[in-house]
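Several structures are given next for inspection.
Next come two complexes, and both contain subunit A; in the first it sits with subunit B, in the second with subunit C.
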Partner chain A sequence: MREILRWLARLSPIFVLLLVWEAVALAGLVKPFLLPAPHAVAGRVWHDLASGQFALNASLTLYRALVGFVLACVIGVPAGILIASERWVRWLAEPLISVGFPMPKIAFLPVFMLWFGVYDLSKIVMVCFAAIFAVVAAAEAGTRGVDKFMLWSARAMGASRADVFREVVLPAAMPQFLTGMQIALPVSLITAVAAEMLMGGAGLGGAMLAAGNYADSPGVFAGIVETSVVGLVAVAGMTALRRHLLRWHAEFNPRG
Partner chain B sequence: MSKSGFGIEIEGITHGYVPRSGKPTVALDNVSLSIAPGEFHALLGPSGCGKSTLLFLIGGFQKIQQGTIRTARGLVSEPGPDRGIVFQNFALFPWKTVIENVRYGLEKKGIKGSEAEQRAKHYIDLVHLSGFEKAFPTQLSGGMQQRAAIARTLAIDPDILLMDEPFGALDAQTRRIMQEELLTIWRGTGKTVVFVTHDVAEAVFLADRISVMSARPGRIKRLVSAEFNRSADPTIHKSPAFNDMVEQVWEMVRDEVDQARAQGH
Partner chain C sequence: MVRAAYTYFPLVLLALLWEVISRSGVISQDMLPPFSVVMRALWGLIQSGDLLSNGTASLTRAAIGFVLAVGVGALLGAGMALIPWVYRGIDPIVQIFYPLPKSALIPLVLVWFGLGDTSKTFLVFLGCLQPAILATYNGLRGVDVLLGWSARSLGATRFQVVREVMFPAALPQLLTGLRTALAFMFLLMVSSELVIATNGLGYLIGNFGDQGSYPEMFATILVVTALGFLADRGFLALSDHLLRWRP
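Up next, the complex of A and B:
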């Protein structure tokens, strides 16, 4: 009970924002077309939920975002480890990453549409491409940052080099791997929605694009709310996963 | 474990490295040293004198460039469970509990199941960590983490125990207690210990013999026989003989510390 109260208190800034917004809308200070009232937006969200539109669009967006994200992790973590461990791979990869990291990845969407068509594949490749840089960079930093003395300890206890990699390097770098994934997950969702908004069709982004084209303000705002909630849930899931995997880590074991 | 009449024979070790930005540096210059089996030997010197480098070479963690190091198992070329090591920063595996850390080396030796469990418990008990078997290292104080690291290393029953300023990160009281306990354990196991420190009193208190090392390039400047480790008498620190010895060794180290400071350490 106390927990719930504390949690509600934590959300109070959002309630205040909604109240102000509702008051502004009810007072007629702005046209509903420019800024629909929260209750109108909530009504639309409810309608989307009841009609199954939300489930359809959200699952489609999540499918694209998560497949792209998982691909980014499956390719990106080994790539980061390889870059950290092999000098010549690092020599090849470092300039590419330096150029690629700050680049607006969404600019590649037309290229991917050309190569992979206008359906799911191009969007998934787009997501993977946008998300992979954070995964690679964090995996590289994590692998390189493993305490040398920990590796030596393992060797002195009779571990082979292969043992050391599997039993020491991977778990020791795990927090960084997860950090990369935690950055990549929201990037994946953002990129999936952005790609949908640029390409149209089904999905949360496509629905917002359609609503915008029909001058349907509540529809656009409803889409924003729905996208935020999906993102919030996904990020919370990732945080829970981190908490579970890193039970041993200092960040979850504050010393009294 | 068969005991041979062999400790550590270090012959003509010269070791250099090139720092990221700077000219090649000689860390160790023609160091030769013979450590008897069962001896508690301290490597004492200012920071940058190469004492840790020498320890790491004995451990086989760094490639020997010139000279040889020989133990009962032959020439040292890579790390092995005959030479256990304890680091200043503990280097425990933080994702493993205390007992899992201690069991790691045992499992590498092929000791599994209840026997590994029993042996791990024995060594955890030996370092007074009973009751903390299931704790993660991050939940323990520095002193307790170092106890766990020592238990982990003792559990693989190495002939030689290498210690790189193992109590350097601990507060003064904990350090004193750990020193006394280490002596008790050492006396119980009869292992050859090589103990790196820059703390003169620690070296005098613990070691049979002390190699006083010079500032870079590291050489063994003096070999001192200390005689204060025959009893783990906590009052020894107050005795005049002990303090004379510390003063005497400190005089040898002082010049080197000044020189090391001039070199920018």
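Up next, the complex of A and C:
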């Protein structure tokens, strides 16, 4: 009970914000077209939930975002490990990463539309391309950061290269791999929504674009709320996965 | 010079590979125009002035949004780090907006500000605001309290402590956060212009794509990539210069 009260107190600024917003809307200070009242937005979200519209759009967006994300991890982690362990691969890849990392990846969307059409594939490739740089960079840093003494000790005790990799490098670099994925997951969602918004069609981004084009403000706000909720759930899921995979790690066992 | 050439040689290889793949027809030239053709298109864009006018429009909006975000973000972040009630008031709001993709706000901003410069500048501002707030907050929070206390006991005023002790100590974190904000700046610059297409580099990319002028489209994408890279390198050089006092 105490916990719940403290939690509510922490969230109070959000309630205040909602109340002020509702009051402003009810008093008619702002045109509902520009700022629909929270209850109108909530009603719209409820309507989307009940009609199954939300489930349809959210599952499409999540499908594109997650497939792209998983591809980025499956390609990106081994690539990062390879870059960290082979000098010539690092020489080849380093400038590509330093150019690719700060680049606004969404600029490539028209290219992917040209190459892969306007359906799911181009969006998935777009998501993968946007997410992969964070995964590769973190995997490389994690692999390079593994304590040399651990590697030498394992080698000295007779472990083969494969053993060292599986038993020492992978677990030791795992926190960094997961950090890269934790950065990449929101990027994947953002990119999926942005790609949908640019290309139209179904999905949370497409629905928002359509609402915007029909000047349907509650629809736009409902889309923002729905997208945020999906983002929150995905980020929380990723945090839980980290906790599960690293349950042996000092990070989650402060007293050893 | 030789070092840089050695480091960036793989980019030359990539350009050569691109040329060969396209010329040999492994990937059709309609899908991937050869690098040399793209370069010629780039030269055409430079000569016609399209690149300059749209680039200036993009970068002006981006720079205004970025500077505003850093100013407001630094104020809010410093308030959160130094004043408890500001933290309690703002932190939950920053937290709920954290998972919200800023590009999801494009339709909303379009309704509010229309098609003009304001909406795109505002989107860049929103995108850079969060990293700026968090960088300032984390930077200032990470400062060792003993440093501040020592300065106070030596007779520094509160203002002097902030300017002479807290700010330099928070600078490394602040600069790291601003580098993230810089990447967001380019992202929102391009995506806002792709959606709210009136002018700018993002508009050029989308428009050339729709027209089927693919060499021009690739050329503009290369320009955006180069701008992002140069801005990032420039920012790193500036950070190193500002932090040259560090051991």
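Points worth noting:
By definition in this document, the second predicted complex is superposed on the first by the 244 of 256 C-alpha atoms of A that agree within 3 Å, B and C clash if a C-alpha of one lies under 4 Å from a C-alpha of the other, contacts with A are read in each partner's own complex, and residues count from 1 in each chain.
Basically, contacts are C-beta pairs under 8 Å (C-beta built on N, C-alpha and C of every residue); 3 or more make two chains touch, one makes a residue touch a chain.
Keep in mind the model is a prediction, meaning the values are calculated, not measured.
On the superposed subunit A, the two partners subunit B and subunit C both fit, without a clash. In the superposition on chain A, A:L19 makes contact with neither subunit B nor subunit C.
More residues of subunit A are touched by C (comparison of subunit B with subunit C).
In the superposed pair of complexes, A:V193 makes contact with subunit C only, with no contact to subunit B. When the shared chain is aligned, subunit B comes close enough to touch A:D163, but subunit C does not. Of the two partner chains placed around the shared chain by superposition, subunit B is the only one that A:M174 touches, whereas subunit C remains out of contact. Contacts of A:F149 after superposition on the shared chain: subunit B is touched, whereas subunit C is not. In the superposition on chain A, A:F108 contacts subunit C only, with no contact to subunit B.
In the superposed model, A:L8 lies in contact with neither subunit B nor subunit C.
Residue contacts after overlaying the shared chain place A:G223 against subunit C, while subunit B stays out of touching range. The superposition of the two structures on chain A yields an angle of 90 degrees at the Cα centre of subunit A, opening toward subunit B and subunit C, reported in steps of 10.
Taking the two complexes aligned on chain A, the least Cα distance separating subunit B from subunit C is 14 Å.
Common to the subunit B and subunit C interfaces on subunit A is no residue.
Across the complex, subunit B is touched by residues 147, 149-150, 152-159, 163, 167-168, 171-172, 174, 246-250, 253, 255 of subunit A. Per the touch definition, subunit B reaches subunit A in the complex via residues 56, 59, 61, 78-81, 83-85, 87, 89, 91-97, 104-105, 108-109, 136-139, 141, 149, 152-153, 156, 158. Only residues 7-11, 13-14, 31, 88-93, 96-97, 99-108, 110-112, 182-183, 186-187, 189-191, 194-195, 201-202, 205-206, 208-209, 214, 217-218, 221, 224-225, 228-229, 231-232 of subunit C touch subunit A when the two sit together in their complex.
Against subunit C, the residues of subunit A that register as touching in their complex are 10-14, 17, 33-34, 91-96, 98-99, 101-111, 113-115, 186, 189-190, 193-194, 197-198, 204-205, 208-209, 211-212, 215, 217, 220-221, 223-224, 227-228, 231-232, 234-235.
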